[in-house]
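By letter and in written order, the chains are A, B, C, D and E; residue numbering begins at 1 in each of them.
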């Protein structure tokens, strides 16, 4: 599992010769690759953009998905099934086809080259909604009724009880979507024209061209790109495990 | 509540909750989808001037006869069959062992997580190296079991397999995380009860884990089918912007991309998109059907 | 709050109808015990009252207002669920304080109230724990405290004490009764423990198969059961049932002709089957054969064989007397039921 | 000070320029743009990199659809027919004098002409050259081959020593085309006649096909570029783009001795396909902007800029004048490896652009794969290519 | 199967120690009732027996084999969980048949067995339903049937009847007892209902704060409680506790000097507080003031005030007699406890 990752880090401190041919023996740790890579493109700006876009997008996705999943699981309304299936179907659309029509829409809205274009279209994730739907559907009913009887509105129940009770799954999909937003390439490229709004993956373009790629620098910058994700992951990892408060039976030993 | 019927009021309220998702989906998926799909029926279409010659099924006829499309279709189906069951089975296995791991559980989890964050370009490069004929790690192992080395990426007989391996590896992390999160939610009491009832590990799996994990397995399977039917990035990255040796890894999505962005044939691409979409819907329904046969009344909410 | 249930119909999907035309009224500030065999529809009835289930037909009326379709929050109901429904991610303290939080009560105040209630249900040492770390009875008490904290208009308790030991149960039911009296909250209390019901309820509803068999005060229910089911359901040990034909020859008094004509079954409470001492209140003298005698706690139980029937008595003192003897049937504790099981009025017996 | 500059900037006409340059080349280009902006006060060129060329292509397509194209963009002249059909681009004839145009290398210039108008002007141009491993040649006791025959020989000798003779890119379309050209039968002629199945073409492709079949020549496959194989030091020759010179120089191990030469000749004939990218000007934007675009291109065509571009990136000088300047010659002396490319200019040609060209390229790649991967007989696959290409040309004409 | 618990220690993480050096033995084929207040560790003890919890120290021995660390499957245990733990995805029939399925019993056979057991727990009409569609008591009965079906070596029942009405509870506990007798399975039966415990258990364990207070037969427990806790815990209504100092002047008999020296509290069972009729067995005569009298079912309850203490009696007949009277304390039902709460032997009282 880890091999590619290790190789990536390893290659990031090599010379182009090494990575091009893989034959010359290991020479030295070229840590300066990181500095070179960092300076080769406005990575500071890219970082800022990536952070803004990824956080805004993921937050937006979480909010819209949580709301919708709640409605689909906890509310009764006309057209529930049809709407749900229709949304499900959108997961199956080949995204590449939508790029151009979407660009037209966004440029009509004058959103091209604004954060809005990078964020808003992605704040709806049917995959996330579907995942949360499955999780919310498994919640015991009585908790909902108890909360409603305790005076909680649907809204309060959703945010004060349902969401914390499903922390694990929400964290899991949250981080998955964060990753995919963070690594998004085509969309930010098409939707932005200048470096002002570009995100980290576009920075990686600096090291590849039509005639070849500078692998060590590419790898070094890739490490720079994904480092924040790993840090975030380590931060939320504890949320991926049910807390003692929710484990009904935890064995003492064995 | 529990048995209340939908009313206009409740519908309005629900729509309010769904509105954000719905509006964005309508604007950025449904609407462009119509536009893109409509293109599949245009003939003599000037893409830039948006002049439509006529409406016809000519694009589909073209696809029907196009050898490259047939190849792409075949490859995609083989690919799906190769990837989906294995990747989900493997993910389930690993998720289970992670779930039961007492030591290093966090570390192991992180290990499975890392491929997820590693960008697909980097992954492709690394795999290219692993697959490379001369120094490839894979061929090293083949050598150990006394097999002739294989030029994985340049031999049309193996390159699809290579792609399958990469995609399985790449999708593992996502599936593991989702399955793991779902495994956590299974009440431990059911396992205790089953153990007391004499169930061995396998019986616990088939009788408790599997049925209670079905909703998540369903989700993961559907997602896997959808994502893998649309496989493109991995091909593009692994084969450095080509569809493998002699198009051996040409997938439907790659075909679509090629027609759309490289060969200036957007109408054919759109037609291909429609076909791909149809296949996805079909396979998804199939998956649903297979996995949803056992439906039981839950303490929770009736799933749609 | 006066609560009216009017002509309720309810059928679970794919099942036989459960409630058919169910009607009853709970007076304002009344504590009603709801008893009935397992599966008789008690929880369902509470759910209808709470608004969790909407009846297929009929109305739920609170103080004259039809709330059949009102949302849950608007009904201001406190409820203890049969399975507690505690919030797993909140500590005991937060669980109890949750209703007040929803009512936007200040943190300090609501924790103070929560602590008071925790004290009342004797859960104080567990305040910092989470539901998963509690024993069954502790969870139940948390649920009780949570239901009580917000001073609801209607209190619905679904077997709130089933997992508690006798002493605690007595203490808590007394506490519930006290609070209920103080706050004058209309309360429905589902219980399987007749003592609970008999001790604290103003009135008792006996439910069977979704039908209200009788709704009456404690004493009336015990002394004047409407039908055979109620007579059999209330009272421990169970009432003895004997076919009329078997007992008829042994009657010491003359029964009303209508009674004789219609009575099919005779019910004799165990304490009404006494060692034979003919008094004015003796209805009959039954020749029986002693089968067994044993004591449970302070109770002396005796089983005797009468004709084909085994009877149980709690009024026979420990004895080493002959195995065959005669037992007297006390009028007060003897009922007659017709073929449908309805109780027949005995009228004044003639000696 | 500051305020004044702002006013002067705001009165300037902004010319947007999308390009596909990355890394070092991008920096050089930015320098040129800056100098242009400093050199005058009417226009301000804003250059934005849009990723690699395929990314750029996609961006242009997308922007065209919503009419948000830049003023000028880097693209391949082969897109010209398509863009003309879409009504996207404006010719340069009105802005550049005939004299100015005449100064451009003829092969480059001709490429940008379509329907009698100059729609594209050359910018980042390269040709195919041959790289060789000096040490291996010496070891095998061979001379630098100049003909395909000699290359075949090198291949055989190398194979006997467990080496590879010739490395090719995965898309060695240039080599195929060159062979056909040298045989006097361009795959597609200017008046769109297809010669793929012509016997001379088949004959010309034969030696290469044979080398691929016997393994004396190997394509790069998933590595895409043969230089990866070449750099590993077990391959004698590599046919590739002159644009890769810089990269190879940077990646070559210290003790790696190598040189460049012209591509081999076939039956005494040498033909060299020009690759690379051009500049086009879109119709979008104001007239002033379009003029600014032209002005910038003119600026780039001046000797100073042309030479600076060529020497700093390794692309070819696009004007004849620049190529002959003393400073460029000095540069070649100092960097002999660049000589080969420069000398190719004489024999270079460009493929005609036509509607459906990209489809034709796909077909040609299929042929290349047939030969390299599937080892299909040259005649068979070229026949197929003939048919496909004819269909492509026909369907795109109506 | 003989079950030994040897020197068990157990502490929940972050809590006070629960079991400390807990030791006891269940004889082969014995039915032991485990009673104790809520939170006393009953469920925990069952979990240790089942292997769900591993003690921090000590051993669990089944028939001489140390199974402390044996897996759950190997112990062959039938268990009813306090919260049932039915498989939500299986129908009632499949839930019941599950243990047999695990034992690879043929489908026809196991369904046949399951149906038999369903019949026994009166759940037959619900066989096709899923747990979510059952009432609380129905779920409990399914859990019971599931525990019984596989004829385990040890049967652990955690309040298996708490959600059932009195009649069903009596029927089922009799059924459990019968099956237990037939199959001779060592059984631990947690219950809050003293009748359950008193009626069917061979012996009763009284647990409090994780400590075994007494383990004895029904009669012994009631008649010779080891300490004040047990005396207070067993018996309904609760035993009356009076400070020795208050009663001392009223003793009609001479008490042993050691008793007098050590006794701090006197416990008088409600049925031992009778209308004054001096007999040989009367220990003392207490002057009391009548407070209230009421009847619950067949029971006549009387509360009286004696000095500072309110006493309850079940042995005073309904009366309209003077409000102050004297009640006799029957020797059989009167206990003395020392400062630690241990019961003191009375010895033979001297008249």
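Heads up, the rule we're going with is that contacts are C-beta pairs under 8 Å (C-beta built on N, C-alpha and C of every residue); 3 or more make two chains touch, one makes a residue touch a chain.
The chain lineup, named per UniProt: A, B = Carbohydrate ABC transporter permease; C, E = ABC transporter ATP-binding protein.
From a predicted model like this one, the values you see are computed outputs, not experimental measurements.
Enquirer: From the centre of chain E, which chain's CA centre is farthest?
Expert: Here the answer is chain D, farthest from chain E.
Enquirer: Write down the pair of chains with the top C-beta contact pair count.
Expert: After tallying contacts for each pair, the winner is A-B.
Enquirer: Report, in whole Å, the distance between the mean C-alpha point of chain A and the mean C-alpha point of chain C.
Expert: 57
Enquirer: Would you mind pulling out the distance in Å between where the CA atoms of chain A average out and where those of chain D do?
Expert: That pair's centroid distance is 38 Å.
Enquirer: Centroid of chain D to centroid of chain E, CA atoms only: how many Å?
Expert: Taking the mean C-alpha position of each chain, the two centres sit 93 Å apart.
Enquirer: Could you say which residues in chain B touch two or more other chains, in rising order?
Expert: 1-2, 4-5, 187, 189, 192, 261, 298-299
Enquirer: For chain C, what residues touch not just one other chain but two or more?
Expert: Expected reply: 52, 72, 83, 133.
Enquirer: Please set out, as single numbers or ranges, the residues of chain D touching at least two other chains.
Expert: 58, 61, 65, 232
Enquirer: Taking the complex as given, what residues does chain A use to touch chain B?
Expert: 1-5, 7-8, 11, 22-23, 63-65, 67-68, 70-81, 83-85, 87-98, 100-102, 105, 120-121, 123-124, 126-127, 129-131, 133-142, 145, 148, 154, 168-169, 171-173, 175-176, 179, 182-183, 201, 204, 215, 218-219, 222, 225-226, 229-230, 233-234, 237, 240-242, 247-251
Enquirer: With touch defined as at the start, can you tell me which chain D residues reach chain B in the complex?
Expert: Within the complex, chain D contacts chain B at residues 54, 57-58, 61, 64-65, 82-83, 85-88, 170, 221-224, 232, 356, 358-359, 362, 366, 369-370, 373-374.
Enquirer: Can you tell me which positions in chain C touch chain E when the two form their complex?
Expert: 12, 35-39, 42-44, 82-83, 126, 133-138, 140-141, 158-159, 162-170, 192-195, 198-199, 218-219, 222, 232-238, 269-271, 295-298, 314, 333
Enquirer: Inside the complex, what are the residues of chain E that reach chain B?
Expert: Per the touch definition, chain E meets chain B at residues 50, 52, 71-73, 75-79, 81, 83, 85-91, 98-99, 101-103, 130-133, 146, 150.
Enquirer: Mind pulling up the chain B residues that touch chain E in the complex?
Expert: So the residues of chain B in touch with chain E come to 187, 189-190, 192-200, 203, 207-208, 211-212, 294, 296-299.
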